[in-house]
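A, B and C are the chain letters, set down in written order, and residue numbers restart from 1 in every chain.
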């Protein structure tokens, strides 16, 4: 039987506020245990939550960026369960009337675009951490993370492969960073994915029983976990079994998913509106004001790159993969508007390759967009060849000669010979020394022409403009 | 001096007739003498109190005294008090020395009041008789076999027995008003949101409200002036201009329209209570007020609604007591789950556990709509009844409780009977309205009767005015039990 | 609705409260009475009534995003049942 994989993602994006969602404690990463857990975070008797404006603002910005509805009023609810990293015995989250409802994300699969619908995005507080190092067979609880603001972004089950799921996660990751609501640091847990995976016979309209896989803190794990889980479910079904709905944990070392023991008892979370928090009203002028602070969004830029610069949809999506990369492109193309494709090729090619190789972010790129634009304009005006430009780029990357493009071209003698009379001289010499080739060409052997071009190029040590040589040689031989 | 009003005490302090240290010593002496019998206090710390008294004396000497500077006030053990054991009447917090002050405690400290001790209460404020305290029941100064009411029974007893000139209480369904009535003192639960809940250990967040307990309406007004005010740490705290609750005390009552809900003057009210209430209403008529019948048709449902909503919120509020970060932790356990279950099984008393179970049940899957949502809807109907009634009258009056204080043990084995002693008080709590109780005489076994006054939102000053004018022509509030 | 002893145990389980057989039995009798009282409100027609979650019809006030808490670990952990290396200790957590 042919199986179809159905995937929905729940992403927890940590919001880039200064303080926690309901208290004034810092959310800075890496502090000594429990030094950033205040009375509210520790759930002392009598303490109360007060909502952080910064968290609400970021959620609204996200809603605006995905074209969703911003609910007003929006309600906070308590999700009740016991766990030592959850000090109150309930998590303040949202159930009915989440702050963001609907909207969509467009992912680029090659040259085609696919729409992934979002169900909702709601605000909630993070839990603390249980440290399993052995303290006399006990666990240690660090509550620094408790109360950190999260936006839980829930998609519809619209993805059909691990590749699509990864593309969605990457697009979302780029978006939350793009609009400045989350730093996206996956190692530190600022962007965490849970995947709901089910399989069904291809063509079937009904959804299969799903399993939720937790703890996917890299795109690679997300991909591997989905693939493993889909295989596992298919195997069960093909053996005539039934998939059990459960929460599973991805074990990165084994590349497997397994049942999460702490989630085994069927939970009844007893959601109810938090009586300590009142309905949140979001005035339309606040929304309008936030709308103004939003930068041009990746999807808008993507469309513009296609229509304005004539780039392919694929190139446009690569260039808008991050705001930094896109800004780099924008800064370059602004100086060289007629050569957008050349700019795009260089940024996606040479620049990206170098950055990858050195594990560097584009903001730290040693070659500034202005410098790159000068270099590319030298290709454009015929001063140097594309090949020579790569040599110049090497020097620029190394920071040689104060990154003066023209000085480097001169010093390395990379300037193309474009002077007609100089080329004419070389052509004369080559034709004189290669009479056989000339004869061959005249008798109809086209290959001989290419050999003659090669000889001229060789004689100019590659500095002649090949197109120019070609044209002039053709003219001479047809005389 | 023990029977002095707060104003009289402040005058003695201002005129240097007595120092705060002397005054505090006097009340501490009385506490140490009477508390073994009445069990009104869980914690008394002479040295801590005297330290505050010395600071108050310095303030008085420097001419910086306010109306409550140097005056001893007993604090219900539900208010977190830095450096003091704060138990909430529970074994669960029997070792909890609070690392911070509640908003209310901060306000009393800033006013220079002296904390003379933490008063006994029903565990986590759940109870109407003070028999649910881990620290044992409080006795009623008007009869050693009678309950003082609850949950603020310790505070009511402390004021009635003149162990403190005034005290704080909290009221979720009647926990200030009912013990005030049972002990023959005055008490007011102001409009929800006027007293900060920060640091007041939560029972049912949408109902809990702190308030003062004292001998007279005038004393309550002075206490409210200190206790109320915006607190940014409590999202439900109201941002309002500060008001002087004494401002209307002296107004005549001529033309005051008193609404008498027909549902309250019906079956259920004991005849001794009814007699005292009718006499009080006569007094009001003599003072120029008029009485008229109003109706609160849904208020008989306030007890069932209350016993869905309060336990639901409580079941969640009390989940933080798990033996991990503070408080009681069971001694022997097998694993994490066992530690939780034993800690909570041993740390909570039977009534608290009962209410957690009720609350857990009504919130659980499949019952939420039928119980919790239905209760919230009826809650709105109850609030709307009051809105309608207040188009006809200025204040509502009736009995605070159906009977005078019952005997210890009389209802402790029958929770439903116990719950029904809040039948008249819980409706105002559900609506968030201010309610108060003032002593208006004695019923059976010479036990006090309280008149319940319910006002519209933010009408505390008018309610206090009504109570004060009554207290100008009667002396029930000055009656002291023979101890 | 009639509660059974198993219901009581199940609710207690959900509430993480250990109850023994006798306690469960005693609780059952009392809870049944209480639910009889509670159920009197279910007859009320509440069609079209908006549930009332709060005592006042107000909206949430928002706090400015500022850090105003400092490290108080020593004070806060002085009242903890068991701590080590700045961590709260609990019986082993299994994921």
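By our rule, contacts are C-beta pairs under 8 Å (C-beta built on N, C-alpha and C of every residue); 3 or more make two chains touch, one makes a residue touch a chain.
None of these values were measured; they are calculated from a predicted model.
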item: Centre-most chain, if every chain is reduced to its averaged C-alpha atoms; value: C
item: Winner on C-beta contact pairs when A-C is weighed against A-B; value: A-C
item: Geometric centre distance via CA averages, subunit C-subunit B, whole Å; value: 23
item: Separation of subunit A from subunit C, taking each centre as the mean of its C-alpha atoms, in whole Å; value: 41
item: Chain centre separation (subunit A, subunit B; CA means) in Å; value: 58
item: Touching two or more other chains - residues of subunit B; value: 96, 99, 206, 232, 235-236, 315, 319, 322, 324-326, 336, 340, 360, 364
item: Junction residues of subunit C - those touching two or more other chains; value: 14, 16, 53-54, 58, 60-61, 63, 72, 76, 82, 88, 90-94
item: Interface hub residues of subunit A, defined as touching at least two other chains; value: 39, 42, 44, 50-51, 82, 84, 141, 268, 270, 275, 277-278
item: Subunit C residues touching subunit A - in the complex, by the definition given at the top; value: 14, 16, 53-54, 58-69, 71-73, 76-77, 82, 84-95
item: Of all residues in subunit C, those that touch subunit B in their complex; value: 7-8, 11-12, 14-19, 23, 26-27, 30-31, 33-42, 44, 46, 49-56, 58, 60-61, 63, 72, 75-76, 78-82, 88, 90-94
item: Residue ranges of subunit B touching subunit C (in the complex, touch as defined); value: 95-97, 99, 192-193, 206-207, 232, 235-236, 238-239, 298, 301, 303-305, 307-308, 315, 319, 322-327, 329, 333-342, 344-346, 348, 350, 353-354, 356-358, 360-362, 364, 370-371, 373-381, 383, 414-416, 419, 430-432, 457
item: Complex contacts: residues of subunit A adjacent to subunit C; value: 17-19, 23-26, 32-39, 42, 44, 50-56, 73, 76, 82-85, 130-132, 135, 137-143, 249, 260-262, 268, 270, 273, 275, 277-281
item: Footprint of subunit B on subunit A - complex, ascending; value: 39, 42-51, 78, 80, 82, 84, 87-90, 141, 268, 270-272, 275-278
